[in-house]
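In the two assemblies presented below, chain A is common to both, partnered first by chain B and then by chain C.
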Partner chain A sequence: MDKIYGFLIGPGAWIAFSVFILGCICKIGAIILATPKKDRVVLAYFSPKYGFRSLIHWLIPFGTISMQENPLFTLVSFAFHFCVLIVPLFITGHVVLVETFWSVSWWTIPDKLGDILTLIVLLCLAFFWGRRLWVKEVKFVTSWTDFLLLSLVTAPFLFGFIAYHGWIDYKLMLVLHVLSAEILLIAFPFTRLIHMFVGLLTRVYIGSEFGGVRHVKDW
Partner chain B sequence: MKIKTLILIIAFLGLASICLGQEDYLILGKEFKSPERPRVIFHHDLHNEKAHIENCSVCHHVYKNGKLVPDESSEDQPCSSCHKVHPVKGDNPISLREAYHKRCMGCHLKEKRGPVMCGECHKANNEKKSK
Partner chain C sequence: MGNNKVLEDEGLIQGIKQLDTNKIQKIVNETISKETGARLQAYIQTCMHCGLCSKACHYYLSHDNDPRYSPVGKVKQTLWKLVQAKGSVSPRDILDMAKIAYTECNLCKRCSMYCPFGIDIAYLLSMVRRICFKLGVAPMYIQDTSHSHAATMNQMWVKDDEWIDSLQWQEDEARDEIPDLRIPLEKEGADILYSVIGPEPKFRTQLIYQAAVIMHVAKVNWTMPATPGWDNSDMAMYLGDYEVMGRLKRLHFETARRLRVKRIVMGECGHAYRSVYDVGNRWLGWKNMPIPVIHAVQFYWELLQEGRLKVAKKFEAPVTIHDPCNIVRGMGLHEMLREVVHAFCENVVEMHPNREHNYCCCAGGGVINCGPPFKMTRVEGNKIKAEQLKATGVKVVIAPCHNCHGGLEDIIHYYNLGMKLKFLGDIIYECMEK
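So, the complex of A and B:
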């Protein structure tokens, strides 16, 4: 198990981060380059005012009418996105690994806080799973790819949580944690996970398109 | 009489085996006031025997002007005499945490032997033993 772990944090990490970084750059580049061909109108009539106003509103919790109409979803969504970024970037275990290999380190959150934030991520994911399974209008537009995406995100957090607490088999859980996290990174450029970067562009695009239109049904 | 002697011999052997069997260990990381993970228990002699390390300078190295001085050893000093918990300007830039992980984990990965996962060294019950 130690040898598998050694591979995963060595060559495995190189492969995962290379695909993640290069893949995301290519994907973002392709989208930007395709825009003038696919939608000439949007660039000709682009409105920075409505575009960036929309982006700012969507970055603020309850900053849009859609969010105000769905308070529970807004709360869960913001809690999820905040924790899902903070935990992997600032958990001590990750920073120590980078420090050991690269001699670069940064600020970390206490492990106990990381534990709570991970639990929030898992609870939010349970909410998303439940929504896809049982809410009628969401179920209607759900395909197996949505469950695949949820599984990709759930796995590293779940295995990381179990490993941190030393439950079941520590070594196996840690290997599964790193392996599933690397699969998640590799999947980024090829799945809707790319919304982490592209979401900002599409929000400005939609904001510019819609201008001052309000009360749009937006799930 | 014979039985008494036998009991005494057995008791002596038992006691001796307990005393000799108890290996001294070091608690690494005492310099960290409130560490995030439990401090590490390190069986110095047992480790070196298993790893076939006879040269102290493998771990207790000496660097001068950023260059390793071969065959010179710093075995009389703890790691923290050069590697500070929070290095400031002028100190060795490699912090104590970084030095420990580089030395232990780096070697274990290179040699493909020994613990490499966080929880293999930072065990929850280590804290009880270190008090």
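So, the complex of A and C:
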């Protein structure tokens, strides 16, 4: 077990982060480089002013009619995305790990808070899972890939949560936590999780079209 | 019921008879690889299947939230399937996809305002139409309309001499009212070329009459062409025949250039505006229009601002305003439209939602041009519009768009709303100082 753990936080981590970073760069690069070929319009009508105006509205909770019409979903979605980014970046365990290897360190959140935010992530994921099963317009467009994607995100948070509380077998849970997190990182560029980056591009593009060409809001 | 409707359409039935899986696969893959790129890939990679776009679509709302009619649901049944199967689908699948893409989406783009990533569903479904068109599977009526475009350069098989006759006939009629009125044909160097859509000379000739009166009273230096190029409409764009679309738009602009006019003013039509302003110009490689084209709403607004159009009396009955997608969500003319309506009407009651959030009439995007077999698709697909109209409690709807008139007329009739439809020109003609 220790050997596996050693591999995971050593070479495993290198591999996972490399694939994640290079993969994301390639994916985003491919989209951007392909744009002048068949989608010149995107560049022709690109407008920083209107593109970012739209993006900002969509990043503010309840900043759009769509969000106002779906208050519960908006709340869950923002809570989820906030926590899913904050927890891995600022949880003490991660920061300490980085510090031991590279002697760089940054701000951390209290463990108790980290625990609560992780719980929020898990509850939100349960909510997303439930929508896929019971909300008919979501169910209609759901396939196994959507559940796989949710599982990919759920696993590291779930195992991390269990390990933190020392339930079941701490060592095993820790290994599963790191392993599933690395799988998530490796899968990231090749699944729709890439929406984190590509979604910003599509938003800025449609914002440019709506603001610059259509002279209307898109929120 | 849905399937019966399809089976009534000869264009679709005959279309799939000449298909086999190899041909389908070839055309699908060729179109996707040659005509699409980053945008399509980004939209597929980014859509999180969250369903938030559903409530934006009037088809979905009108069918008691049936997910088959949600924007993403329609993409799933068409484009995703084509992409996942790498084009290996059956002729029957193509028929179902054509039915969805041509008749169950108005390409109104309302859903793009509700998707957190701004995914352009209308673009995706246009690509499905393009594929179906290239496979020769399209509803017969819209295909015929496009044939008319290709052969006569107008939408309704109007012959060149019939066009001139119609204008002269309207000139004669109008001269009973205003003896020195003219409809100037082929006047080189006029300020304005006035272009209309095919149905105006064919069955809404009074609109040409009214426009002529407005032009005359406002002392506009205008002209109409006596040659093909007078029709600004474009069903080829909605069919997916972009080659014909390009020819149409080029001729329209070239006619204005030949007559050396400063700008083109177009009648009250929404899709034609989309075609010159947003789609056709891009296909021809013009970022902006080579000659400025303004829509009737902008034109009337200008005349009013400049004091060339004066209000003689106010239209008394309460009215409501229907915002046509192509000039409102497509061009932001909603405030100008309101200023003109408020200038001429006593009592204006807004419908909700309105402005760029308004629901489409369900005739747009070429759906009404798919003809009688799909009339009920449009009418049942827009129950929500009937409710929206009814809630205003008024009896007059102003809609500055031909397609909207066609669509709303059927809705008003079917749901017994007892409302009357007006163009902006109708109201102005009735209430202006002459």
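The working rule: the second predicted complex is superposed on the first by the 209 of 219 C-alpha atoms of A that agree within 3 Å, B and C clash if a C-alpha of one lies under 4 Å from a C-alpha of the other, contacts with A are read in each partner's own complex, and residues count from 1 in each chain.
To be clear about the criterion, a contact is a pair of C-beta atoms (placed from the backbone, for glycine too) under 8 Å apart; a residue touches a chain by one contact, two chains touch by 3 or more.
Just so you know, these numbers come straight off a predicted model, no measurement behind them.
Overlay on chain A: chain B and chain C fit together in the combined arrangement.
Here the vertex is the CA centre of chain A, and the angle it makes with the centres of chain B and chain C is 170 degrees, a multiple of 10. After overlaying the two complexes on the shared chain, residue contacts for A:Leu201 are found with chain C alone; chain B is out of touch.
Of the two partner chains placed by superposition, only chain C is touched by A:Val216; chain B is not.
Judged by the touch definition given at the top, the superposed model places A:Ala163 against chain B, while chain C stays out of reach. When the two complexes are overlaid on their common chain A, residue A:Arg192 makes contact with chain C while staying clear of chain B. By the touch criterion stated above, A:Lys139 is placed in contact with chain C alone, chain B being left untouched.
Among chain B and chain C, the chain that touches a larger number of residues in chain A is C. Of the two partner chains, chain C is the only one that A:Asp39 touches; chain B does not reach it. Once chain A of one complex is fitted onto chain A of the other, the partner contacts of A:Leu72 are absent, as it touches neither chain B nor chain C. For the pair chain B and chain C, the minimum alpha-carbon spacing after aligning on chain A is 36 Å. Residue ranges on chain A touching chain C, taken from their complex, read 27, 30-32, 34-35, 37-39, 41-42, 44-45, 54, 58, 65-66, 69-70, 73, 131, 135-142, 146, 192, 194-195, 198-199, 201-203, 205-207, 210, 213-219. Residue ranges on chain B touching chain A, taken from their complex, read 36-37, 93-95, 97-98, 101-102, 105-106, 108-109, 112, 114-120, 124. Considering their complex, residues 34-39, 41-43, 45-52, 54-56, 60, 65, 67-68, 70, 72-73, 76, 112-120, 278, 282, 287, 328-332, 334, 355-357 of chain C touch chain A. Residues of chain A that touch chain B in their complex: 2-3, 5-6, 9-10, 92-93, 96, 99-100, 103, 105, 108, 110-111, 163, 166, 170-171, 174.
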